[in-house]
Amino acid sequence: MSRAVSSVSGEVSAGRRLVLHALGLGGMAALAVAAGLVPPARAAEEAPAWPKNAFAQKDQAHALDALYGKTLEASDKVSLDVPEIAENGAVVPVSVTTSLPNVTSISVLIPENPYTLAASYRLPEGTEPSVSCRLKMAKTSDVVVVVESAGKLYGAKKQVKVTLGGCGG
Amino acid sequence: MSRRALAVVAAAGLAGLSCGALAATQSEFDAAYAAAAQAEAQAGALHDQWSPTEAALKAARQAAEEKRYDEASALARRAEALAKASISQAQAQQSLWREAVVK
Amino acid sequence: MPSTIRVRAVAHGESTEVQSLIQHPMDSGFVKDKEGKLIPPHYIEVVSFECNGKTVFTAFWGPAVSKDPYLKFSFKGGRKGDELKISWTDNEGKSDSIAAKIL
Amino acid sequence: MIGRIGSIYRAAAAAALLFTSLLPAASAGPRIDPAGDQRAFQAYFERAFPGVALDDFANGPYAVNKEMRKQWEEIMQFPPYDFALDDGKRLFEAPFKNGKSYADCFPDRGIGIRQSYPYFDLRSGEVVTLDLAINRCREQNGEKPLPYEVGDMAAIDAYMASTSRGKPFDIRIPDDPRALAAYENGKKFFYERRGQLNFSCASCHVQAAGRRMRGDILAPALGMLASFPIYRSDWGSMGTVDRRFVSCNEQVRSLPLKPEDEAYRDLEYFLSYMSNGVAIAGPGTRP
């Protein structure tokens, strides 16, 4: 198989730099939560609402800030499975799984898309920390996944090449 | 595409440029269009019409309707050149296709 | 009218694997129609999965999710014959739901 | 016009054939040898793609490219043609206004017969594709024909193909000069370069099969039609063989023919015959 499940090795350190850099704002918000200035997120049983503001953000930092308000660290416990070259940018299969405990959400971001946040999943207790879906990619981009585990955010990323299609098959 | 076909396209391009300098009349356009339409019909008979030829014919009709005869005539000549290239292609392929058959 | 939702939920021991496919255009708002006009964004925002009255999975989607969206996840606690309820709502306020038995 | 010229070509080919059969010694053009062509065609692809099983050629680019295959396997966990398949079953089973249904028009009530289409109809002297047969069935029963490329036609095709999965293509070319001429006409259409880009079907799907063309991997011509109709991500919908022929012609800047034009039917006849032995796998998905 010509592609590997991510997310160990050098790729992660690159990912960490990018994500940490991008998360300046998120870091501030996380500090605010930690300091008890902002109430913690939703109660467990409350039905969460569609995060409108997060889906409207055009860059990763603002999207993550709107969604979580926390800092992100790269983790080799987050696995992202995406193709190296998408067969069609309109349908890119994305699978995320993690060995991290107490996962409450998994989100997928595509920084080069017009709006960065593609999908965000809420996982109640008892749901396995693994999800597969199909996403659109406007052009070659990283796919960034974020796993919320025990209140902290862990990430991994991998590049997917998107080329012009419409000729073969 | 045969060399001859390419030469036809190139020559027609030049003709289009040089004639563009003179103001064309409707009758010049009509003649150019009739020649193009005839060539395109022949290409059709050979099973090999090209979409750019059709596009050029359509654009030529549009320009003529708006009385822009210079442009319309140039487009008609372009269409004729394309149609002639497609005719050359089709004629050459009448025998050449057999060489491509998996044996 | 057939349902817009297809679901396959299969219990393997403690865990139930759910796969679903929803018929929806998921228009991004960046694609033009034949006349060159932008097709307005039209996409599912929320999909929720409930088993035995308890939410087991919630998806929040934006316009970057593919047409006819697919989803796969697994949860613990479902048993063969239990009912899984799936419902979606989109940005135009449309919605659909279906109940399926776990196999 | 095109159809008529196709007929003229075929009449000429048939006449030539008749001529050669009357005068076996005369060399009035190459002999038409479908069985020999088929052996050479299949051998070419076996050499080009060692290790790919004959049936796997139905899966086009996914048979010859690992990266593509992995994405396909993920997509096939819940294929996007599922909706069309359900629609197709419903449409196929729904009676016409006169109480009859598609089943009444087809051998074996239309179930498990995809592998035998197209066939050469000795009475009318022409190639009949499944889609043409579907529309003729409708017209015989007082219904309007369906548009050929998309929608209900693709859905009915999808259902009929699904009932035929696993059955190898079994296209017959009767020993009749008209059938041989139709076959030869389809073969010619396949190998002839056309359009401003000067490509033939074979340029991409024989010579360059398995290679990358822009973002796509070009499907081998062998088995190509076994997975039709297809859901193409690029279309975002289902399409029939006609839709594929039309879009292929457009891509090389050739003016496409009308769906079910005689030349397209002959092409489908030739291509399907080349794939005899490849099991029906339709409906399929493609990028």
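Every chain is named by a letter (A, B, C and D) in the order it is written, and numbering of its residues begins at 1.
Here is the rule we go by: contacts are C-beta pairs under 8 Å (C-beta built on N, C-alpha and C of every residue); 3 or more make two chains touch, one makes a residue touch a chain.
Owing to the predicted nature of the structure, the values given are computational and were not obtained by experimental measurement.
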Of A-C and B-D, pair with higher C-beta contact tally: A-C
Distance-wise, how many Å sit between the C-alpha centres of subunit B and subunit D, to the nearest whole number? 32
Whole-Å distance, C-alpha centre of subunit A to that of subunit C, is 19
Let me have the rounded angstrom distance from the C-alpha centre of subunit A over to the C-alpha centre of subunit D, please. 43
Between subunit B and subunit C, tell me the centre distance in angstrom, where each centre is the average of that chain's C-alpha atoms. 53
Of all residues in subunit B, the ones touching two or more other chains: none
Which subunit D residues reach two or more other chains? 75, 77, 233, 236
Where subunit C touches two or more other chains at once, the residues are 66-67, 70, 72
Pull out all the chain pairs that touch, please. A-C, A-D, B-D, C-D
Subunit A contacts subunit C in the complex at 47-48, 50-51, 55, 90-92, 95, 110, 113-115, 117-124, 126-128, 130-138
Where on subunit C does subunit D make contact in their complex? 2, 6, 8, 19-21, 23, 66-68, 70, 72
Contacts from subunit D onto subunit C in the complex sit at residues 75, 77-78, 80, 82-83, 86-87, 90, 233, 236
The residues of subunit B that touch subunit D in their complex are 1, 41, 44-54, 82, 85-86, 89-90, 93, 96-98, 100-103
List the residues on subunit C that touch subunit A in their complex, please. 15, 26, 28, 30, 45-46, 48, 54-67, 69-77
